[in-house]
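Each structure below is given as structure tokens.
In what comes next, subunit A is part of two complexes: it sits with subunit B in the first one and with subunit C in the second one.
Up next is the complex of A and B:
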């Protein structure tokens, strides 16, 4: 039970997540995103092994963003009519406007939760392999992305290295974070130049070992679509349909 | 589309996607904090940053598809790193990339001067705005507020992505590491290319 979401085919999960998000975009009532959000949370609570502390940390900035959405839609919302429920600093807030603002904020929350469900239950490497095998992503692209992904920790090291090297030579660190943001090009250019060299070297190494980028018929590690995927797709679609219909009915 | 590409060009896009994927995520968090204070407007003025990889890659590689593929790869890398925007990012990456690609396609992939690069930034801004209008429900906002958002995003696309992209591309060319790519070949011949 706790493995179900982890065992799903990544491409199937990817398509389901994308379809759900596009479907939700058609609803402007607060109930649909709320129901969907709760449904997804329940799904993740029962069918995955999620580190919830980390999950909360990831959700934090998006909850803040959702709050921003809430108040801007209240203040800068389109004229929708409806009865005024409260006034604040000369702004009349109607019930319709409040419902829409709530809907957009909850939509941000629902989207973020759905994304985290994907992020916490999907192995990145398996995802790319599955994109190549099920969704016919070109091997050149797929393995290209994999090369980039493998270099991620190297890039992190290089970032600190360049920073330390510059400090060693007396380049001063700016005091404020916005100044440091502007100074980013000093690190960005050497990073990119290093990236160009790495790209050339690894492409050469791949070709030297016989990588042609031609589509294949057999894979060393096949990723398959199984019975779990059919069941889980059913569960996802039930949650989506229930929240769409339930939301429209409740509002 | 990828048939005529050299592998090193694909891998180059991927590594740039890694560098900018990290930069993108960094700015996403900055933008989210801002967004709590000033609402969706916070994202608008920094939107150009999220278009920059497609413009830099097209400026260097100069092949049809470089803009849309690099932006898609950057989005894919962001998803691989793991974040709360998730798989939806890939879709918005494709759309932003298509916007830039459209501008380059309009000029027949022949000119890569500052005006075309700015146009590409504007293209990304327009495409992403149309998509955002749908997904983030801008229809619920006041039309004049939406117009303001649109204007800021287009300006950001032109200035940050267009001018900034050219600046980074030129700075990179000056380091001499781009010798094997299209940008270095045309620079030698004539200045206007």
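Up next is the complex of A and C:
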């Protein structure tokens, strides 16, 4: 049960997430995103092995964003008419304004939770392989991304090494973050120079092993679509339909 | 008569952006089962020649080829892209950029998928090649977590899984330390005897290869063949004799220096002192804490306990360009502002940087970059210099230049602490050797005592410098 979301075919999951987001975009009532959001949370609570502490940390910026939407729409939103339900400090809040603000904020929550569900339950390597096998991503692109992914830890090491070396030279840490951002180019230039060299070497190594970018005829570890995927697609669609219909009915 | 594998007739090659030819009038042929090495100084075009043999060039660089290359009796142009690569496999020099999949098994499978091998064949082929290469225990290991030597073996396994007739090696040892390199060569020797592969390698440091090769083609700086003869085993680069330049003054004194990061002790307390003008070599197995010691000495890592007293410690990383912050050599040396213009001129003069003072620090040669880094450190009033692996990937000329540079600066009062695996280099330079193992200092020894002590060397994964071992044998 706890593995279901992890075991899904990444491409199927990706398509489901995209479809859900597109569908939600057509509903402007606050109930649909709320129901959907709760549904997704329930799904993730019961069918995944999520590290919830980390999840909360990731949700923090989205929650602040959602609150920002709520606030700005309530206070600065265009006057849409409707009855005033609430008023303070000379600001009148009408029920329509409130509904729209809630809808926007909940939509941010629903979208971010859905994205995090995908990110937390999908292995990037398997995702790329699945994109190539199910959604016909070209092998050139797919393996290109794979090489980049292998480079990430190496690049991180290099970054710290350059930073350490430059700090030793007396390149002091700037006070403001925008200044620090500008200083980054000093680190990025040597890194880019190295990355271009590495990229060429990798390309040569792949070509020397017979990689031409043509579609392959057999996969050693095929990423398949199985019964779990059909089952889970059903669950996803039920949540989506229920929240669409339920939301329209409630409002 | 053995089958002819490669045959080159009057070959010349030019990169489209260059005016001069990289290779000129190259003619030779290679027969099956040969072990050939192509040697020559850095930049003589030997790697280019190798890439012409496995068809990476000329297509990837739009290079201009004259003359004829025949691979397995067929003209090179007649092969479709990728067609030749399963008969001619290649292992490259950089262990970090040869892989695109996370684990060893997946990487091998990637190679088989490229060849359009049927699924039923993949599993047995992977098992077989792992058995042949003795890597079965690494089947599910993550490649990036392996050591450099193991990565090169995995790269070789990936080449062998294609059942090639020829194995091309592009300086496969240049990123390995001598101890690991020796093991790699012995391993390759065994493999070659089992399979009777044809091996063509490009290499500039031949001493690590012992008697592996049967034939050598020497190339000159002009991109032509200088000599083609049976291989003679080489002795390592012989460095000139050196007089110790130790002075009585102490330049660096540490007491109970230790480093603990995130509850892990990377370095147990060490105490030692170094005199002015002394050259100390820091040696020990990979991951034993050499770099940690260096970085904590010069202040990159925070010391957990202990203190360091010194005249100012500078650090030259393996890639000196990591240090560079400005647009010209002149500015780079003057960056800290700690030296007067007169001192700067003197320093630039003695390190031969006058002629390149306007050049961009990224656009100069590796040796020049290192001189700029040293000048910058000295100008910053850091007369104790730590060098991290300065010998890695250097050819003979570069090593001799490095030797002369260190020798001269030491005479002028600079103090050197050098991290290196290259014991020939160490033996020629070092006044003393600081051995480290598992984050603990074994001790600081007088250099000549270490080379005779086989047990000490073995414990720290070091090979006795060849010059010294010969001496020991002749005594016995």
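Note that in this section the second predicted complex is superposed on the first by the 247 of 251 C-alpha atoms of A that agree within 3 Å, B and C clash if a C-alpha of one lies under 4 Å from a C-alpha of the other, contacts with A are read in each partner's own complex, and residues count from 1 in each chain.
Here, contacts are C-beta pairs under 8 Å (C-beta built on N, C-alpha and C of every residue); 3 or more make two chains touch, one makes a residue touch a chain.
Predicted, not measured: the structure shown is a model, and the values here were computed from it.
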Overlay on subunit A: subunit C relative to subunit B, clash or fit: fit
Which superposed partner A:77 touches (first subunit B, second subunit C, both, neither): first
Partner, of subunit C and subunit B, that touches more residues belonging to subunit A: B
Which superposed partner A:171 touches (first subunit B, second subunit C, both, neither): second
Partner chain(s) touched by A:219 [first = subunit B, second = subunit C, both, neither]: second
Which superposed partner A:147 touches (first subunit B, second subunit C, both, neither): both
Angular separation of subunit B and subunit C about subunit A, which is computed from CA centres of the superposed model and rounded to the nearest 10 °: 70
Partner chain(s) touched by A:204 [first = subunit B, second = subunit C, both, neither]: both
Subunit B versus subunit C as contact partner of A:127, first or second or both or neither: first
Which of subunit B and subunit C A:112 touches, first, second, both or neither: first
Closest Cα approach, subunit C to subunit B, once both complexes are overlaid on chain A (Å): 6
Shared subunit A surface residues [contacts with subunit B and with subunit C]: 147, 151, 189-190, 193, 198-199, 202-204, 206-207, 211
Parts of subunit B lying in touch with subunit A, wherever the complex brings them together: 2, 5-8, 10-19, 22-23, 29, 31-42, 69, 73, 76-77, 79-88, 90-91, 134-137, 139-143, 145, 168, 171-172, 175, 177-178, 180
In the complex, subunit C residues that touch subunit A: 51, 54, 56, 60, 81-82, 85-86, 89-90, 92, 94, 96-102, 106, 109-119, 122-123, 143-144, 155, 158-159, 162, 295, 298-300, 314-315, 317, 319, 321-325, 335-336, 362, 376, 380
Subunit C contact footprint on subunit A (complex, rising order): 125, 143, 146-147, 150-151, 153-154, 161-162, 164-171, 186, 189-190, 193-194, 198-199, 201-212, 214, 216-221
Subunit A residues within the subunit B interface of the complex: 14, 17-18, 21-22, 25, 28, 58-59, 61-62, 64-65, 67-69, 71-73, 75-79, 100-101, 103-104, 107, 111-112, 114-116, 118-120, 124, 127-128, 138, 140-141, 144-145, 147-149, 151-152, 155, 184-185, 188-193, 195-200, 202-204, 206-207, 211, 213
